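Scrolling down, you'll hit the structures one after another.
What follows is subunit A paired twice: with subunit B in the first complex and subunit C in the second.
Take a look at the complex of A and B:
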């Protein structure tokens, strides 16, 4: 596995983001808002907030494998082991008085002036923010989005747009500034550019060999999550896209000797990113695309109509949809990336992003004739993940796909 | 005639099988895996060789499987137990079929097509429910050896149910039933039914169903319960406990055959017969 040269620029971009966040929290250079990862970041940026994303904070703890130290502290507060382990690791870290952002001078997550959620992804994000609201005496406001949507209707968009507009007055009061329409348009344009460029980066993986994997994507998506609405994100993705296109042109694959190609649905297992990435590479298998990384390639953001286009984009996301559009989406991805199989991660503490519990893997196999594998695990709680079992599951799946390919080759062209 | 061997390094036991070029089983062995998987594999292999009347030098290739498959230095190759159980069963039973392998610490459901190729598999979650460990725990609670559980269950007269298939909660529930005066034989059967409930929830079990693994080998009651619970025909193959090792031996055989075919093809390209 060859590391992308853009990783250096990625580190610099993320480093600058965390520094600016620390400056806002410690030196008061800007008001601080916390925002859920698919919340109204453009509005917050337009009002001059420094924006902290607790899901990003929790994912860092997952990747650093420190999350399991903090989980019991939140469980002891009455927050179940079966709810979002992002939530429990983040609250646990707060209770321990620790943060992975300590290197930036933040002993704890940056103290917020306001907490802004969007329930489009799950209810847990609201519960998460409300804990902090009570703990810190900070206002909690947000969008109550509909869920399990079939087709997004104008009525759905109207409802969310009205809610989005209603956030302006309290946010203006907290920010001490009036919303400038030009700044909102500018933030929306930056988000659109970010989404388009990030989407283009991911689409390069349709090439054979794929220049990046899902595991690379989980790292390189950082700016698309935390720097939405700023010019820093598109600046980074222009560089990454150029490198990926160069790789495609030179036929440089992220997995040398790529033989099998897979699609990943569901959350990453942050504490096992490296281990899983290495394991798949060992089997000459590239996990070329995922629902997860694509979730930040928002469609249709329009600086000329920020309110409705942002509302629509936040509702059209995969996680907000019902089973039928989700299945259609996966079918498109399977075809576009030309994969041999689909892995569904059944994330123990994230029912919203585990598409295994209402029969979808079986329906995908039946509809597309493509093998699927359900992998049990968790996004942050490594007690729910078995290394040995995962290895046997994955290796067995690779054997199955390889044998099928050999059998097809032996039959010859039809 | 060439001979082949397979080793299944499982969590509780290590199994070895020696076969001949007609895929006939010549010798088998089962030993406790313990903490030293390599030593257990050596023991099992030596015993299987002795039982088959063959020496190491007679064996053309040995392949491994099971969770300790990568800890056997003398193995020439390895396949997962998902592959080997399927491969072994397909040798004895014509597909399409569903293999249910109940091992010491995991359970698997493997679906094969008519040609014996794997279509899908499901493994149990990171949990002892639905595995041999569940029966070990129940036997411990009843104060008997696990190999006495089947005979005990045969004497059951009352149809009791354990509402939980969690090993810990089922154990607690068992204590409650013991205190209320329920008979050990009925409790043993309740434990088997609990295990069954976990297994049947893993996948749709219909068509031809083939149970394998140590639990099947030592607890025929489980086979009868599976038969009663599933729509379809239940077939117990020979050597259910050693099925993974047998499959590994078949994999060794297949690898040698493929290699020999390649050699022949190479020679043909050189203009040799």
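Take a look at the complex of A and C:
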């Protein structure tokens, strides 16, 4: 596995983001808003907020394998082991007086002036922000989005747009600035460019061999999450896209000797990214695409109509949808990326993003004739993940897929 | 010799790992004690533990003012004149030894509880562990077996790790036990894994809720695995102490209850499922 050269630029981009966030929090260079990862970031950027994304903060703890130090502190406050381990590790870290952003001078997550949620992904984000709202005496506002939507209707978009507009007055008051329509259009354009470029980066993995894997994607998606609405994100993705296209042209795969190709649905297991990436590579298997990384490739953002296009984009996301459109989405991905199988991560503490609990893997297998594997684990709580079980299950799955390939080859072309 | 015929009582705590029995005076002095593994027919275990404690005390059944029963199998105690919920028995037993408000952590073989005890000895709250995380003492016993030492040596083994613990993460005892094998296969030493197990249990207890000073621990884990107390102390940043003979705290509390809630003279009769007399 060869690291992408763009990783250096990625580190610089993320480093600059965290520095600006720390400047805002410590030196008051800008008001600070916290935003859920698929919340109204464009509006916050247009109003001049420095934007902190607690999910990113928690994911860093997961990847650094420090989350399990903090989880018990939140559990002891009555926050269950079954709810979002992003939430519990982040609150636990706050209670411990620690932050992975210490290198930037932040002893704790940057103190917010306002907390802005969107319930399109789950209820936990609101509960998470409300804990901080009580703790810090900071206003908590947000969007109450419908969930499990079949088709996104104009009524759904109207409802969210009205809520989005109603955030302006309180946010203007907190920011001490009036919303400038041109800045909102500009932030929406930057988000659109980010989404399009990030989507194009991910689509390069349809090539054989794939130039990047899901595991690379979870790292390189950073700017698409935390720098939406800024020009820094598209600047980075132009560079990444050029490198990936070069890899495709040169037939350089992320997994040398790529034989099998898989799709990953559900959350990453942050504390086991490297271990899983290495394990799949050992099996000459590339996990080429995922629902997760694609979630920030928003569709249809329009600077000429920021309100409705942002509302629509936030509603059309996979996680907001019912089983039928989710299954159609996975079917399209399976076909586009030409994968041999689908892994569903049953994330113990994230029911909203575990598509294993209402029979979907079985339906996908039946409908598409493609094998699926359900992998038990968690996004941050490593107590819910067994290396041994994961290896046994993945080994068995790879063997099953390999046997199927051999059998198909023996039958010859139809 | 017993103090007098109405001045002694017994307590029997039927836990998931062990049955504990004590015979005490009404002044709270322990005259006899017994601990036996919980197995097979609970009534027989309880009978054997109670008679062994009586023997240890040099007392006879007819001298008892009452028998208090507590623990997961309290309904199986033959001759029980009173039954006491486990948390209440531990609170009562602990308060006798330390008559002040405290956070009491009862950490036994099965289902640990963190109990808030007020300045009068009353239990003002208790929080137990989720079902899939119970069995902490049993887990440590099993881990000791995997590490090829007796349960009593696990703590010593953990001490030899000199603070360098292998990561044992799971809150599920069965899951944790398989992690023990995984860590060994990965090359961790038995000492490192032993310390990892001890810390894993302390972490599970920490999650049970708010601890306020002073923190006191009762139960078999405090008796056999005091390293858990040190790990808990380190996680909490509070001093953690234990009680005299902590494995008997529940039985002791139940015996105290037998004095105050007299339910007639105990009659020891152990019957099988068909009603036939065994003892």
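The working rule: the second predicted complex is superposed on the first by the 414 of 414 C-alpha atoms of A that agree within 3 Å, B and C clash if a C-alpha of one lies under 4 Å from a C-alpha of the other, contacts with A are read in each partner's own complex, and residues count from 1 in each chain.
The definition used in the following text is that a residue touches a chain if its C-beta (ideal position, glycine included) is under 8 Å from a C-beta of that chain, and two chains touch if they have at least 3 such contacts.
Small disclaimer: the values here were computed from a predicted structure and weren't measured.
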*First (subunit B), second (subunit C), both or neither: which does A:388 touch?*
both
*In the superposed arrangement, does A:278 touch subunit B (first), subunit C (second), both or neither?*
neither
*asked:* Between subunit B and subunit C, whom does A:396 touch in the aligned arrangement: first, second, both, or neither?
replied: first
*Taking the superposition as given, does A:75 touch the first partner, subunit B, the second, subunit C, both, or neither?*
second
*First (subunit B), second (subunit C), both or neither touched by A:2*: neither
*After lining up the shared chain so the two structures overlap, which partner does A:365 touch, if you call subunit B first and subunit C second: first, second, both or neither?*
first
*Among the partners subunit B and subunit C, which is in contact with a greater number of residues of subunit A?*
B
*asked:* Applying the document's definition of touch, where does A:408 land relative to subunit B and subunit C: first, second, both, or neither?
replied: neither
*Once the complexes are superposed, what residues of subunit A are shared between the subunit B interface and the subunit C interface?*
384, 386, 388
*Parts of subunit A lying in touch with subunit C, wherever the complex brings them together*: 68, 71-73, 75-78, 81, 382-384, 386-388
*Can you name the residues of subunit B that touch subunit A in the complex?*
67, 79-83, 106, 115, 117-123, 125-126
*Where on subunit C does subunit A make contact in their complex?*
130, 133, 169-172, 175, 178-179, 182, 203, 206-211, 235
*Could you please specify the touching residues of subunit A with respect to subunit B in the complex?*
365, 371-374, 376, 384-386, 388-389, 392-393, 395-397, 399-400, 403-404, 407
